[in-house]
Each structure stands twice: as C-alpha cells, then as structure tokens.
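Listed below are the structures to be examined.
In the two complexes that follow, subunit A is the common piece, with subunit B as its partner first and subunit C second.
Up next is the complex of A and B:
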C-alpha cells in the first residue's frame, strides 16, 4: 500500500468534513476500535506509572486530611461536567468541549488529576459512548497525563518568571488543551499510519484538528483563568492557594 | 442533561438487567477483544448488529440509540473516506471536487471499512453494557477484579456528583443566558470562566457537606462494599458460553482477512 502525495490534501478534506459535521463532534477522545491491540496496550503501559504515582499521592494526602477524598471526587465530577459541556466552535461550525484537566491540575496537582481523569474517562466511555474502554490508556495519556502535567508545568513556569497569576492560569488552560490535542493527533497518526510513515500523517491530523482546537484552546484558557480568579478571590482558603504578591 | 447517561435504562426489569454484572462484563470484554483483533469487517459488523438487536430487545428507544451511535458512525464514514482517498494503488472510482482530482482506492476502502466496523462494533458493545448495568454494579465488579478501593471510591464519587454538578451548571448557564451572558464573544469568555469557577466552588462546598454527612453515618475513610452474591447457574453458563461463542466466531470469521 502506498500513500500518494495528494493524500495529504484529501486527508485534510475528509477529517475537516468530520469536524464540520453538524451536532456534537466528540473529537476529544479516541473511540473504541480505532487503535490496534498493540497500540492500545502500549498506551495503557505508558499511563500506568502515572496512575500509580497519582494513587500513591492520593493515599498520602487523604491519610493526612480525611476530607480530601470527597474533594478529589468532586473536582473529578467538575472535570467530568466541564468536559461534557458542548461549546460552539464557529470556525468549524461544530461543537467541542474543554478538558478541564489543566484547571484541575493547578488546583489539586497533576498526579491526582491523572486519577480523576481516569475515573471521568471511564464513566464517559461507559455511560456516554464518549471515548472507549480499549482506548482508555491512550485517552488517559493525552488528557490526563499530558494535559495535567503540561498545564501544571506551564502554570509553575509562568509564576516563576513572575507572569501575573491570571495570565498563568490562562496559559495553563491553553497549553493543557493544545497538548491534549497534539498528543491525540500523535496517537492517531501512530496507530493509523499502517505501512506508511507516521510523520506524514501527524501534521495533516494536527492541521485538521486546528480549526476547532486552536480557538477551543484559547477558550479553555479563558475558562481556566476565570475559574481560577473566582476561586482565588472568593474562597482561597479552601484550596490553599498561595497569596502571591503582585497579583492582578 | 442527566438523562443522557445510558444507565437510566439499567433500572428496568428485563432479561439483560437481571443478569449478573460479572457475566455481562465478561461477555463485553470478550466481545471487545474479538472486535479489536478482527481482521475482517464482517465480524465487527455482526457484533454491531447483535448489540443493536440487544438494545432493541430491551426496548431502548431508537432515538437514544441513534443519538449515541451518530458520532461513532460519522467517524466510521470518515475513516472509509480517509483511507479510500489516501491509501492503496487499485482505483475503484474517481472524480473531482473543487478542482481537486480524487481517486477512491480499493485497498483503502477495505481498510477504512474494517476500522469503521471495529469502531461501531466496539462502541455498541460498551453502549449495551452501560445501558443494562447500573454503575454501582460495575464498580463492584471492578473492585472484585482487583482495582484499588481508593480508585473505585473516587470513581463512585465522580459519578454521584456529576449529576449534582450538571444540574448546578445547567442552572447557572440558564441564568447567564437570561442575563445575555453569551451575547457577544468577549462576554461569553467571561461568562464561561464564571460558570467553570462557580461549578468548582459549589463542588468544593458540596465536598465539605458530603464529608460531614458521611462522617455522621459512620464513614471512616473508605466506603464499605458488601460481598457479591454468588453467580446463578444461568449467569455462570452465560459468562462461560458467550465468550467461547465469540472466540469461535472470531476463529471462523474474524481471523481471516476480508
């Protein structure tokens, strides 16, 4: 089998057709059946150590503070709700949704965000046909691991270089969302490349996602910044949020 | 929004909801594996048809099924087109669209059909499992299967409070819309941030109240699960025979390339 040169253009047209499909486009998670068994297993193996680390952190923190588990469950429910919110994306004429893991990561930490993302992804797969059971590992790596760690990292780096916290939260949301989609594109291109080169698929998939995901990432940045501002100003004591100097 | 959850049908009394959750999970896992390993589009298409029939058998509304299947079906169609236009050397049909010459290749269409059928087959299996099994029974099975109790507990809390928060989110969102909170893009950005923050703030308040209520009822750090009732003879038979049936069907139909 060969991949013709003109394939890239046709590829973008086809995937763009999907994104322009009327109604809710669940482009965020990879559906069951797309990943071959080897790739599905591989992504489970990649996600496993992060999940183990998150569970360890959860045990330690809930041992110190018994209320913590209930809080994690509720933040997980908030991630679930946020990632169920259909948001119109005018450039693609479709709806998509934020992931919420960037915001969760700066509130409860990236390790525990991986745990809540795994629970939210399992529930979405089982009861909303959104994502899948065999692709749980891949979806957890993109949304839970990459989304949470990139979001949290962006927030910490931004605060280190004295970027105002509102902008830092915005960056966490944007970076987390775009990181999630870049990883999803990578996972799809790796699995779908077949005999062809993975690189030849990665950029077209990324380009096909762009009309929806670039504005959505910015949107998620506003969501993270707005939510962080609200929590910081109204209930800072609940989340042990630092009261930094120079806050906007 | 809460009516979108597929387990709203799990409270009914029918042949599938009465079945032991362990038997259903065993059947679903074997079906998923068989679909995933199939190299022939016919097999996953057959699983899809069987699951659809199962859903109709227990009277799940066609509208709900089509709503849930629409996304994966659209994706399956795109996969057929995607591979049809980009992979292969044997032309099937050709035409031009907006000045671009497009040729549908036989090998690509076959690969797209296989992937599309796998997506539909696997999604319908999970959909059927979720529609006939209450969430708490699935969590119980996960716990018995060795998943850490802390994780199961978090998943249960996420599930329980998703409903509460969905209602909060719907209320706040409706109030914002009435007050023209989404009248232009800049205001929409501000409103969505407030909505997200409010949902999280309420979730934190709810967490505090929940913990107090749970402590008052004797909660000491972990939710106790009772023992699972032993599986009935008929369910045990289903848990063994259906996976064997899938294995046989996979060996006969799914293993060979189509």
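Up next is the complex of A and C:
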C-alpha cells in the first residue's frame, strides 16, 4: 500500500469505527431551515476561501511529507467524534459537545483543520441529522474557521509570551470552543433578528449558551492539553516539532 | 504517577455519574434544542427535517453496525501500514 493512501484509510476506518456510538448529537450545529437562504449562502461564501486555502495547504504539505496525511486522517476522525459527542453538563442540566478544532489546529494547522471540519460536518449532516446541508457554510465558519484560527492564534500568542506549551494547548482548546459558540450566536442573531436589532438577540443567545458552554470549554481545554501532551511525548515525529530545551 | 492519574480520572467519572444521575429534574436537552431551536422557533424559522432520516426503527443501529464492521476491518487490516514507526517498528509489537 502506498503511503499517501494511509491518510484516507485512517480517516475512513476511524470515522466508520467511531460511528459505533449510536445516538443523535445535540449541540451548536445549526439545522437546515433555521437560516434564511440569503444568510445560508453568505456563510458559504465566507467559508469557501478558507476551504480552498486549506486544501491547497494539505496538497503541498502532504506532497512534502507523505506521512502527514495519516495524521490528518486521524485528526479528522477525532474532530468528527468530538464534535458530535454529547456531554452532560451538571451545572446547566443540559448537554453539549466539544469541537476539537482547537486541538486540530495546533496539530495540523488551522487551514487544514478547516478541511477536516468540512468533512466531519458533511458526514454529520448527511447521516446523523446533526447540522444541515444548507447550513454547512455557517457551521463551517463557526466551528472550522473561527474555532481553528482562534485556537491556533491563542496557542501561538501564548508560546510567544513564553507560556508553557501545556498551558498554551489548554488555552487553544478553551478559546476555540468559546469562539465557536460566540460565532454561532452571532450567526443566529444576524439571521433571526428580523426587524429588531442584532445586538438585542446576540447577547441573550450567548447568555443562553454560557451555562453549558463555559464549563465545557474548560473541559475542552483539558482535553486539548492532554491530547497534545500525549502526541508530543509519544509521537513527536508526527508533529514536526523543534526539540525545545527545558520544555515543560 | 500513573496511579494518581487513574484515581483522579475515576474520581471525576464517579462524581460526574453521581451529579448526572442525581439530578432528576434536569432534562439533559442538547443546546441545539434548548438554545438554537428555541430562538429559531421564536423567529418563525423551525428546523427542517434531515435529508436522510436514518432514525427509523432499527435502521440507525444497523447502519452503525455496518460502519463499525467496515471501519474495524479496514483499520485492523491496514494497522501495520497506519501505525508504523519511522524506523519500521510496529507500535507495541516489536520489529516488523
């Protein structure tokens, strides 16, 4: 088997195997019918350039290092599972899910994270009634684009100011999760405000997400830090990391 | 260290199960219903039906079974190719 095929096989087999967890997911994905067509189209236009750039980056990086595709496949499977895994939050009495794009962004880069998020969201919309096809653009912008770039940005800034990488990964997970839900609130309020002001709807939606998503975002931070530590210590060659002296 | 991690994980899980199972008033709705759908309904834009509604009878578990079987077989068959170390050693299995 050629090396580049491993990525595809890894992604397909992991996603298929992980589909063994039955049950519908319940969280931030916007379902079909909620966004008016104009807004649904607008978010597709916003997401498109990021997706094109991500695919271009994936082609270049996997051409340079064929093993990279296997990592992308596995990260894609992780994003798929995390973003449809309902977790009960006792403080709120409701369920929601992490996004996984913060972790993905610090492992494979934000551009390629947009690509894997698009694949995960498409599968969820088609087979799990989670999200929707007409709202794929909006969900991709919130979870893929904003989640990935905010998470990656938080990680880079934290490393720039010499915060230990474990804490930087934690921050990436938290910021990515909260950013995703803030963007979903923005998308909903922009589309549903009608004659009212967008601001008057944005804050109530954001406040409604908060009791569930604030603790879950912190959980996602721990998840990102743990997963990042595991890969960094056990399989550093997958991350193409420079060896840092005295790293935590 | 490993024992400490295991004890911490078990304690957190036990606490979570206790909190989740103990709250009989909680409905454990997803935020898609509790937040997204609530505001969408208020704005007169209820969510539409899924394009492929697999949640009918035992169709969904059947699809999960098919996907799990196919995924497990593929992952197992190509395990050595997927998880080969740089030096050719197989993860946890000594040399190739």
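The definition used in the following text is that the second predicted complex is superposed on the first by the 218 of 248 C-alpha atoms of A that agree within 3 Å, B and C clash if a C-alpha of one lies under 4 Å from a C-alpha of the other, contacts with A are read in each partner's own complex, and residues count from 1 in each chain.
In this text, a residue touches a chain if its C-beta (ideal position, glycine included) is under 8 Å from a C-beta of that chain, and two chains touch if they have at least 3 such contacts.
Not measured: the values here are computed from a predicted model.
K.L.:
Who touches more of subunit A, subunit B or subunit C?
P.N.:
Here the partner covering more residues of subunit A is B.
K.L.:
Touching A:70 in the superposition: subunit B (first), subunit C (second), both, neither?
P.N.:
Once the two structures are laid over each other on A, A:70 reaches both partners.
K.L.:
Which of the two partners, first being subunit B and second being subunit C, lies in contact with A:29: first, second, both, or neither?
P.N.:
Second partner only.
K.L.:
Counting only touches as set out at the top, which of subunit B and subunit C does A:113 meet: first, second, both, neither?
P.N.:
neither
K.L.:
Applying the document's definition of touch, where does A:139 land relative to subunit B and subunit C: first, second, both, or neither?
P.N.:
Neither subunit B nor subunit C is touched by A:139.
K.L.:
Quick check on the superposed pair: does A:228 touch subunit B, subunit C, both, or neither? Answer first, second, both or neither.
P.N.:
first
K.L.:
Using the touch definition from the top, say if A:58 reaches subunit B (first), subunit C (second), both or neither.
P.N.:
first
K.L.:
Now for A:127: first (subunit B), second (subunit C), both, or neither, which partner does it touch?
P.N.:
both
K.L.:
Quick check on the superposed pair: does A:176 touch subunit B, subunit C, both, or neither? Answer first, second, both or neither.
P.N.:
Touch partners of A:176: none, neither subunit B nor subunit C.
K.L.:
Regarding the shared-chain residue A:209, is it in contact with subunit B (first), subunit C (second), both, or neither?
P.N.:
second
K.L.:
Using the superposition on chain A as set up above, list the residues of subunit A that contact both subunit B and subunit C.
P.N.:
Touching subunit B and subunit C on subunit A: residues 1, 6, 9-10, 13-15, 17-18, 21, 24-26, 31-34, 36, 70, 125-127, 129, 132-133, 192, 194.
K.L.:
Could you please specify the touching residues of subunit A with respect to subunit C in the complex?
P.N.:
It is residues 1, 6, 9-10, 12-22, 24-36, 70, 86, 88, 90, 93-96, 125-127, 129, 132-133, 184, 188, 191-194, 201, 204-205, 208-209, 212-213, 237 of subunit A that touch subunit C.
K.L.:
Along subunit B, where are the residues that touch subunit A in the complex?
P.N.:
1, 4-7, 32-33, 35-37, 44, 68-72, 74-75, 78-79, 81-82, 85-89, 97, 100-102, 107-108, 111, 115, 118-123, 125-127, 129-130, 135, 138, 148, 150-151, 153-162, 164-166, 169, 189-190, 192-194, 196-201, 203-204, 206-208, 210-211, 214-215, 221
K.L.:
What part of subunit C is in contact with subunit A in the complex they form?
P.N.:
Subunit C residues touching subunit A: 16, 19-20, 23, 25-40, 42-43, 45-55, 60-61, 63-65, 67-68, 70-72, 74-75, 78, 81-82, 86.
K.L.:
Given the complex with subunit B, which residues does subunit A contribute to the contact?
P.N.:
1-4, 6-11, 13-15, 17-18, 21, 23-26, 31-34, 36-37, 40, 55, 58-59, 62, 66-67, 69-78, 80-82, 84-85, 87, 100, 103, 107, 115-116, 118-120, 122-123, 125-130, 132-134, 192, 194, 196, 219, 222-231, 234-235, 238-239
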